[in-house]
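Following this line, the structures themselves.
Note that chain A is present in both complexes that follow, paired respectively with chain B and with chain C.
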Partner chain A sequence: MSTVLQLASTGLLQGLIYSLIGIGLYLVFTVMRVVNFAHGYFVLIGMYGVLSLEPKGFFPFLGAVVVAALGGALVGYLVQRLLLESGLAKGGHSQLVITLSLGIAIQYLFQVLHPEPFETIPNPYPFEAFTSSGVTISAPRMAAGVLSLVLVLAVSFLVYRTRIGTIIRGCSESLNGAIHVGINVRRVYRLTFALGCGLAAVAGGLLLPIQPVSPALGLELTIKAFIVVVIGGAGSLWGTVAAGVLLGLAEALGSLYAPGTFATALVYGLFFLVILVRPQGLVVRAASRIKPAETSTKVGVG
Partner chain B sequence: MTLRNPLRYLDTPLRRVNAVVVTVALLFALVYPYLVPPPMVGVGFVALLYALRNFTWNIAGGYVGQLSLSHIVAFGTGAFSVAVLTWRHEVNAWIALVVGVLISAVVGFLISLLMSRFGVNAFFLALGTLALSLAAAGVAASWTFLGDTNGISYSGSEEGFAHLMWYIDPSGFYYTTLGFLVVITIGIAALMRFTHFGRSLPFIREDPVIAASMGIKVVRNQALAMALSMGLTSIAGTLIAQYVQIVSYESVLTVEIGVAMMVGSIIGGAGTLAGPIVAGIGIAVLEEFLRSFAVSSANVSSYTQIAYAVVVILLLRFGTGGIMPLWEAGVRRVFGTGRKPVAPAAAEPVGELVDGRVG
Partner chain C sequence: MTTLEIEGLTVKRGRSEVLHQVDLVVREGECVCLVGSNGAGKTSLIEGVLGLLPTKAKTLSFQGESLLGVRPWDRVRRGLVVVPQNRDLFAGMTVEENLRLGAIAAGDRTTADTVLAEIYELFPRLAERAEQLAGTLSGGERSMLAIGRGLMSRPKMLVFDEPSLGLAPLVVTSIMRTIARINERGTTVLLVEQNVHQAFALASRAYVLENGVIAGEGPTDELADSELMRRGYLGSAATGGVVTT
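For the complex of A and B:
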């Protein structure tokens, strides 16, 4: 019983990190209708960023995470501005291949810079582990889960309670409407992309003390973020958060019955099951059920 | 269809130039093994294999626009079918090849039907098929039937075309691959030109909604194209397995293979007949060229991957369609179009954003 409890709590905390990675992808996907294939690689930028700053102690670590997040956001901004923006009018294929190629380039760049796999940093937190009723949780895992939750709440506040969030949601719900009320769509897109990439980099920084980093990790995280977004559904940010926690739990409890690589395959199998049964995602906002089908009208901007 | 003078196809300078280039390239490909030492014949085999694999990816990825990464599974299926059936159970390699083709085709048909539940959405297709490939790699890595982490090694003694195996001289592999490439290229060219199914494929890519309204069965034709494409990709997997004589999940089920197919087709020109072949051979030559520098082999593959990525990003960013469209434009500029000048079409409005789903 305590094994299950142990795995469930580990899975829950891991799931919160997946939620944080997932909402970055969710924002970019719902606002721009672009799946950023390089999303997991922005997590890598966060991980390697913190790793190369070599923080000693708690506050340097937090500082390194912030620096890595700003770095990730800056790279994201530049990618959107220089590579993706011009192709948005042409439909999906070019962004897809550009972000995929970008991910590959980032992966192999880190492969050249850090040929050693599974690098990590020592526990930066001032405490070691929490034990309660037979369940032990290491400090980095606990802190990463809690900080992820705080950030998820902050992002949801930003999206649902502030003016910027209203503008972002406006662009997501009706691009035509956003253009007609004079929103600078390009700027919103750049900011959203930067925000999504920044969140991915923060998650990477928090993940580093728990999970040693290798360049190949980026792809796996991209897929997981995508699974989280698809299962959560495009209706609400909370669907993505719930799906992240679900993925973490499924992975942790799956490892009880299956060896490592097979557990991963199991997660992908579950994912296919979900899209077979509910391709619209598990959580669908009530309003979107009665909304008329989307039209694909074209509008001129700029 | 009566057989008329075939030379009537060579009515424009572009077609005449292309006919000359194709003839010269084929003749060169035929005599190539006699001109170079055996190791370089191996390089030639790898080049043709890249060309074959890009070409078969292009059937679904280029003509229909299904940017699929499930072709990794097809490639792996081809390799594992020969490893399990021929190496373990001494079934003839050609039968194993056919089995691999059939399994891959069925998987391709099903995955295309499954992903069509998202509508025609390139992102979902690409990420869903990527998840499938990672799942397949996970299964292969943990299942002893597929050699888990150790892989399966070749064991056998027969040699020759009937067994699809040559030990010392790779020219057998070279000519077999060349044969497959030529037959498949001619077959697909005929399919695209003469059949209703073939002609419907670029139509589906350009506008699935109008295609459906014209009575084309979009989902069915997409699934059939995917089945054809993945089935033929499996042949490349079988050939490489026989050539390197070891198969493991790390060697045939990696994402890099899928990306190489996609990227190769796009660099050459997705949806063109010759582009994927030209790019495949070009990439193999480039890799060999990089290897001749004194860089460690691990870094060679890293640098080539970065180079592919940068080339593809630049190609897409600046809106060129790859090598073949550039070549065609170049030939037309040098030799003229051979047609009467027509009034230029109105320029498309620029700076558009498409509302609604990406598609």
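For the complex of A and C:
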């Protein structure tokens, strides 16, 4: 029993990190309808960013995470401004090629800069581990999960309770509608992409003390982020959050019933099943159940 | 004073030029209509004026200031608001959220509540449905919401793109009456319509668009009797059902 509890707690905390990575992708996807294949590589930017700052102690670590997040956001902003904006106006599959190539470029850049695989940093937190009723959680894992949850709540507050969030949701509902009410959609796109990439980078920074980083990790994280967004459904941010937790739990508990890598295969098989049974995702927007949401065809504003 | 001045406007949709050398003027407080059959280029004209399609023009100015090179959303913020043909509502948001978004960028935040109350007075139906999602509204209600959202920023000019499209005759009459009221309250109106009878009843002047060029213009009462209108629209039945395109 305590093994199950142990795995469930670990899975839950890991899942919250997936949720954080997922909502970054979710925002970019629902607002801009851009599928960012480089998303997982922005997590790498956060991981390598913190790694190269070599923080010693708790506050330097938090500082490094903030710096890495801002760095990720800045790179995202520039990517949107310099690469995607012109690609969006041209239409077609340019965004696919751009984000996919960008991810690969980031991977090889880090392979040159950090040829050693599985680099990490020592526990930056002032505690080693928390033990309660037979369950032991290391401090970095606990902190990463809790901070991810706090950030997820902060993002949901931003999206659903603030003026800028209303503007962001407006753009995601109808691009043309947003233009007709005078919203500078180009600026909203830049901010949204920067926010999405920044969130991925924060998650990377928090992940580093628990998961050693290698350049190849980017693809795996991109795929996980996709799974989380697709399983969650396009209806609300909470679907993505729930799906992230579900993925974390499934990964952790899967190892109970199957050995090692087979468990991973099993988890993805399970998600195949979810998609077959519920292709629209877990949470669906109320209005779209009645009528498919209007898709904007005029994207010639870039 | 001239509110909207268009001279030599050419609009491209994709690779083809759909509007050629169009001249059109709307003066302050006027209600002008632009009529034309399906595919004449009415929506292209609106999208060109708003900057959603690539344009060339000798003059394109709003309230005496050039719009050339101005981004679409900035044109809206200057008070040139379009009520689009397909409404472009925020389907997953409530009626009230849709209305409030109408003023979020272009409007004055301090007067938003006052304007909202005015819109609910103009469209009591929207007040009843304030908490309902826009995607669940009927056609007429969606039309009302699009107009209400356009009014939220207290625009100088409203451009209506086929407000009668897809609506029942009774609903059309009520929407047209509302447009007349909006105009009487001081908002300049450009009404773009296929429904010539309704549009002419409302507007003082009209432009007729045919195959991307202005084929005629003038006061609506004079234009209604003209050869052009008889040939193209009004008297097609009387002349043996020949409709020129």
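We adopt the following convention: the second predicted complex is superposed on the first by the 289 of 302 C-alpha atoms of A that agree within 3 Å, B and C clash if a C-alpha of one lies under 4 Å from a C-alpha of the other, contacts with A are read in each partner's own complex, and residues count from 1 in each chain.
Keep this in mind: a contact is a pair of C-beta atoms (placed from the backbone, for glycine too) under 8 Å apart; a residue touches a chain by one contact, two chains touch by 3 or more.
Quick caveat: nothing in here was measured; it's all calculated off a predicted structure.
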Which of chain B and chain C A:T162 touches, first, second, both or neither: neither
Of chain C and chain B, partner touching more chain A residues: B
Which of chain B and chain C A:V34 touches, first, second, both or neither: first
Which superposed partner A:N184 touches (first chain B, second chain C, both, neither): second
Which superposed partner A:N176 touches (first chain B, second chain C, both, neither): both
Contacts of A:S52 with chain B and chain C, given as first, second, both or neither: neither
Partner chain in contact with A:T3 - chain B first, chain C second, else both or neither: neither
Residues of chain A at both interfaces, chain B in one complex, chain C in the other: 174, 176, 185, 294, 296, 298, 300-301
Residue numbers on chain A that touch chain B, as the complex places them: 33-35, 37, 82-83, 86-89, 91-98, 100-102, 104-105, 107-109, 111-112, 115, 174-176, 185, 219-220, 222-223, 226-227, 230, 258-262, 264-265, 268-269, 271-272, 275-276, 279, 294-302
Interface residues, chain C side, partner chain A - complex: 47, 50, 52-54, 71-74, 76-77, 81-84, 86, 88-93, 97, 100-106, 133-136, 149-150, 152-153
Complex interface listing, chain B residues touching chain A: 65, 67, 114, 117-118, 121-124, 126-128, 130-132, 134-139, 141-142, 255-256, 259, 262-263, 266, 298-299, 302-303, 305-306, 308-310, 312-313, 316-317, 349-359
In the complex with chain C, residue positions of chain A that touch it: 163, 166-167, 169-170, 173-174, 176-186, 285-288, 290-291, 293-294, 296, 298, 300-301
